[in-house]
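I have placed the structure first, in the form of structure tokens, so that the comments after it can refer back to it.
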Amino acid sequence: SKPSGGGGGSVATGGTIKIGQTMPFSGPASAYGMIGKADAAYFKMINDKGGVNGRKIELVALDDGYSPPKTVEATRKLVESENVLIDFGSVGTASNTAVQGYLNDKKVPQLFVATGGDKWADPAHPWTLGWQPSYSVESKIYAKYLLQTKPDAKMCVLFQNDDFGKDMLSGLKQGFGDQFDKRVIKTASYEVTDPTVDSQIVTLQAAGCDALLTAATPKFAAQSIRKVFDIGWKPLHFVANVGAAITTVLKPAGLDKSVGLITGLYLKDPSEPAMASDPGIVAYQAFMKQYMPGTDPNDTNAVYGYGQSMTLIQVFTQCGDDLSRDNVMKQAKNLSNFELPVALPGIKINTSATDLRPFSQVQLAKFNGTSFERFGSALSAD
Amino acid sequence: MAELRETPLLRFAGVSVRFGSIVALADISFEVRRGEILGLIGPNGAGKTTVFNCLSRLCAVHQGEIEIEGRSLLALSRHEVSGHGIARTFQHVALFDTMSVLDNVLSGTHTRRRAGFLTDALRLPAVRRSEHAARAKARDLLAQLGLSELEDVAVADLPFAVKKRVELARALASDPKLLLLDEPAGGLNHEEVEQLGDLTRQVRERFAVSIIIVEHHLNFVMRISDRVVALDFGKVLAEGTPAEMQAHPEVIRAYLGEPS
Amino acid sequence: MRGAAGRSARARLVLTALVATAALVAPFLLGDYQVYQLSVIVVYIVAVLGFDLLTGFTGQVSLGQGAFFALGAYTGVIALTKLHVPYAATPVLAGAVCFVVGTLFGRTVARLEGLYLALATFALAIATPQILKLDALDAWTGGSQGINFGKPASPLPTLLNDDRSLYFLCLAFAFLLYTGAWNLLRGPTGRALVALRDQPVAAATVGIDVAAYRSTAFGVSALYTGVAGALGALVAGFISPDSYTLFLSIQILVGGVIGGITAIGGAIFGGAFIEIVPDLVSKISDAAPWALYGLLLIVCIMVMPGGVAGLARSILHAAEKSRKARPR
Amino acid sequence: MQALLHQIFSGLANGAIYASVALALVMIFKATHEVNFAQGELAMFSTFVASSLINAGWPYWGAFVATLAFSFVVGVVIERVVMRPLQGAPALNTVVVFIGLLVLFNGLASWIFGHTMREFPSPFPPAAWYGSSYLSPHEVGMIGVTLVVLTIVFLFFRFTRLGLAMRAAAENPHSSRLVGINVGWMLALGWGLAGALGAVAGMMAAPIVYLEPNMMSGVILYGFAAALLGGIDNPWGAPLGGFLVGVLENVAGAYLVGSHLKLALALALIIGVLLFKPSGLFGKTTVVRV
Amino acid sequence: MTDVTPATAPLLELREVDASYGATQVLRKVSFTVADGGMVALLGANGAGKTTTLRAICNTFVRTTGEIHFAGARIDRLPTERIAAAGIGHVPDGRGTFKGLTVRENLRLGAYLRRDTRETASDVEKMCAHFPILQKRMEQQAGTLSGGEQQMLAIARALMGRPRLLLLDEPSFGLAPVIVQEIFRILRQINRDERTSILLVEQNVRLALDLVDHVVLLETGRVVASGLPSVITADEAVRRAYLGA
């Protein structure tokens, strides 16, 4: 259909920049609602400090319950009746996919979507940009690592039966290349409505793998880690970054049961003892104390929102006084070696007209019973 | 034609019904002739309602055969029975509670019409016409049974005795050949029972139906029946004219009791 | 008696005229986004109608309407994108497919009653997203990614923009289906459905083929829901398995009951409730919108046990009574 | 072979969760003839309360008992405040109210306790002798608890005067009053006991599935299916249904269709069974004579 | 105390009782008494309000105003179960059995308020002696019984409670003549042996008049006559309606 609306024009007026987002404050993915809450708190802090280039940020966050039709509706509301400048940091692969066409048609920047799908770096949708390392990049790195360290290993995969899980699988395909069928001998999926993944773990163990990738959200990652240990299986266990936070995943699973896990990190984990004196984390802790009292600062979703919002502020800062959608998009694709204080050392944000992935590096780390020990250097997928 | 008159309207031949270990009917045989009123009596639990339920195909028949006008009834499924001219009332009334009196009676015309989802949704002229005719017929029935006043009343609010009469109207709406009445006089006082007797006879004449009546109200049964069949423990105990039955020692023992 | 009936018929006529006028005029007074919302409401109205036919009038409790909604949506979109059927015709195709599937399903579960039927339909709703994600169907369904096909363009761009043209498409289907349901329910078929709901045994003895009516009612309900699904997909421009979770089925049920399941006029309120109320509560309470929504549901049921339609009916009754009571 | 055993045992462990939920459903069904869709959320909420007490320093069993009492009271209050005014309303209204309660408690829990997943302690020592690689000590303990509760519930309904009165009150409130049963109290008691049973289910499940507001949303689906499969009016049939569903879905997922269809297959099998036994495997067929 | 107090205070007394279903008033200023150990028949045409009177006494289904006294205490504001506990048993119209429960469980429920387990057990046996068919159907679901069997069960259940006052709403409904005779024999017996008082609604007026010592006649919700059975039968119109001349 034809593009409609006045795409590209300046929307920001007066002293505020109005931005919008859709969030699963309710429904099955409501844990990610924390990202939205952290975003809001972060902008409040920025506004308290005088805003960006003298402008305040106004964030309109609408609940979509993780349901794509609802996202479509909420996004239209944001664009057509709230007149937001951009759609920022909305959560959910299906949800963001549902509005990608619409936002691109309308030429409304869809910035830093909070999901690691591959499709956010798609030149066909120039108004869309992801943020975190894509799931496939992450798993591609796991595959490469495995090929280097244990070239004969057989791998099993536990994945969530949705875009996230499937993207992780496709990353493995890319990483293993023609070896894929020989290396990945068994996969098992789960649904978010499954009470446990015990049965899947048992199935995978029976296949005789010596490596396992758990591509799961926190609850199921914790179950996976525990069950693997309980049945006495000792694979080289990769756990997707999404489900590898220390306080919210490894601790419930049992720290002793988590020893040896490998994951790919890009953000700092505030619960790590070593991070107590890290300046980035110190600032983050202060922010949490003042602007999100009563919230667990170790919730990695809060770190995520904090870093994501900080990235957006960088974009607005670069925009100067030209707050047209065109310029916002231009600046968003013009981040060079931006170092996020909550990102791990060596991991930088870079975008350009052709590089549509803000984060494209991942740092491998192994859990030693108390914290993740990073090894090697930050890796990128290529 | 002459041949047809000879075949009985209904024939039970060696019918047995069991519920688990309970034998509700054991090898029952009897006939109903055209135009007659047959009284069916027997102690509680003798199997009278079960006889009706066999005819409505509501319970499985383990043995035997039931024939309606010489054709097997057991080959039919529940909803086909009324198409073969059998209509009934229930011992404890089973009306469609959320409907009005008129709608209940209209439902009785169901077998005699063709209704389809599509034709109804389009409300084709044929549907309109047939609906119109059905209404006229239902109203006529209500008038004959003295229920015209209550046409629009929801049946749930009616007294028991009136409900029974609505059920009768619903049964008649299907143009039955055989009418099954299960304890129609229940809860009526003396005067009302007399009236019901007259009504039943009128119905037989006017609608040219045969009737089986199950009733414990003896005077009533004896007054209006042409013949009486007595059941006990699922068996036919005796069969004959009302007068014969009242004098039958077995019937007296099992059913009537000693006059006190 | 006749006077009262005439009055209430007149009241209904006036009401219908008002609703119809509003439905026709509103899109020209509202912005695109609101028109879009209006379309979604109309879609839900159709879905709730389907629910009312099945559960309200036939007494078969369905917790699985979302499955037929999804089937309709996928049928429509596959027809549109793969078979290049004109978009306005996709709901027809969806309705047909859903009718067949619904009837077959209805026939299979015709023996089940009450809770057990609820479970069977519930199972359907739960299994739907999983089946849509099956790898084997990827080529057709787009797997867990779904299909992003963009909103179909208006055939008369000078008269109606895309949103309005879609709205009128939805409205046209809703009008047809509503009228169909209205006719159906006041004719012999409707009576048979209510009869078998009220008293299935007696219904069989008056000649109603209970199993056949039940399964056909299932099919018709699925048809309505499927058309709604196809329209909903067109309006959203996107389908994916996550759009059709159990929650959708529950919402259709809630809309049905809140509107009043035994009066098809209630579907209008039910459809609006599904669309508007969740937004409303999240406006009122940031902290716990869903707690508020739950509370609201409970209160609604307590205040209006017969749904909005029941409430309207009892208000009419009361008015009628007070008119009668007034001395001349 | 060993893998099969693993599947069966882990199915039993999951089954115990479903069974304990099914028991709570049986309780409320016998007492009110309704199926409470909100049962899972109530259990989740109770478990959060227990977790908060434990975090506040209460000993496990102290918190356990206090939570049972709390849940009992919540059940009674819901019956008095929400269900009582609904008496005699159409069944679907009750269903919507249950959905309302479900959403309400889920919303409240998210609001009060947050979304971060929490661990919940097990009362069974992690290294107890009865643990193995097939079943952890907690899983063994949970199965044991479920069996004990099942026995109590069975005996209660079968042999006690109160149990009989509760069934009567659900079946025919008017006649119950005529024979002297305080029907209001029976309904409230049923809700209270179901609340307490739900709390047990929640506290037993939480160490396995972890505590968060959506903890029970998947479990209740299975619990519902299990209860109907086994026979929702049967205090041992329904939990047995739970174990059956647990094992069935594991074995089917591992050997028949693969994990992505295991729920669908399990449900299809359950419906298949119901088509032949419309009131569940061990349920009582209530013959309705007209 | 005024001098109108009869020698023995009545067991049950209704004083100007009105009763209505929602907006429809059915009973108007109904007053009558049942003496302790007395047997009273409540007669009237279809819809006269007999069932409603019994319901008013037990405070089920209807809303009442006016006073009802039982055994010296006011009961009209008590909930149904407390009225039952005070000693009133009720065989409702339409039977009201627990259809999903077994016959035995139905009987056990009849004795719900009693604590004397052993005597309860012997009463179950007594009921089986009265109604042998119940013995055969003991473990069967009450809902599968025939109409008359359910009626017997309802009566047996009420008897199991050993009430001081038994309200019977058309006990002969749907019963074979032999059983009807048995029931009236039982009523006479418990009245004699246990001084159980009886308030009886019955269409089989001949039998009823034979049993009772007092009759109350209702017409459209009002008491139009009351007195000895002979007084009632003396009235020509009443005779015609109820006894058929």
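Residue numbering begins at 1 within each chain, and the chains themselves are lettered A, B, C, D and E in the order written.
Methods note: contacts are C-beta pairs under 8 Å (C-beta built on N, C-alpha and C of every residue); 3 or more make two chains touch, one makes a residue touch a chain.
These figures come from a predicted structure and were not determined experimentally.
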Using the contact definition stated above, find the chains touching both subunit B and subunit C. D
Relative to subunit D, which chain's C-alpha centre is the most remote? B
Between A-D and B-D, which chain pair shares more contacting C-beta pairs? A-D
At what distance in angstrom does the C-alpha mean of subunit D lie from that of subunit B? 47
Take the average of all CA coordinates in subunit D, do the same for subunit E, and state the distance between these two points in whole angstrom. 43
Using mean CA coordinates as chain centres, what's the subunit A-subunit C distance in Å? 37
Report the inter-chain centroid distance for subunit B and subunit E in whole angstrom, where each centroid is the mean of the CA atoms. 31
Shared-contact residues (touching 2 or more other chains) in subunit C: 126, 130, 133, 199, 201-202, 289-290
Shared-interface residues of subunit A (touching two or more other chains) are 26, 28, 161, 191, 193
What parts of subunit B, by residue number, touch at least two of the other chains? 58, 90, 92, 94
By the document's touch rule, what are all the touching chain pairs in this structure? A-C, A-D, B-C, B-D, B-E, C-D, D-E
For subunit E, which residues are in contact with subunit B within the complex? 45-47, 93-94, 133, 140, 144-149, 151-152, 170, 173-179, 181-182, 203, 205, 240-244
Contacting residues of subunit A [partner subunit C, same complex]: 1-2, 4, 25-28, 62-63, 65-69, 72-73, 76-77, 79-81, 93-94, 97-102, 105, 161-163, 166, 191, 193
So, in the complex, the side of subunit C touching subunit D is made of residues 55, 61, 108-109, 111-116, 119-120, 122-123, 126-127, 130-131, 133-134, 199, 201-202, 250, 253-254, 256-258, 261, 287-298, 301-302, 305
What residues on subunit D touch subunit B, complex-wise? 290
Provide the residue numbers of subunit C that touch subunit A in the complex, in ascending order. 31-34, 36-37, 40, 126, 130, 133, 143-146, 148, 150-153, 161-162, 232, 236-238, 240-243, 245, 247-248, 278, 282, 289-290
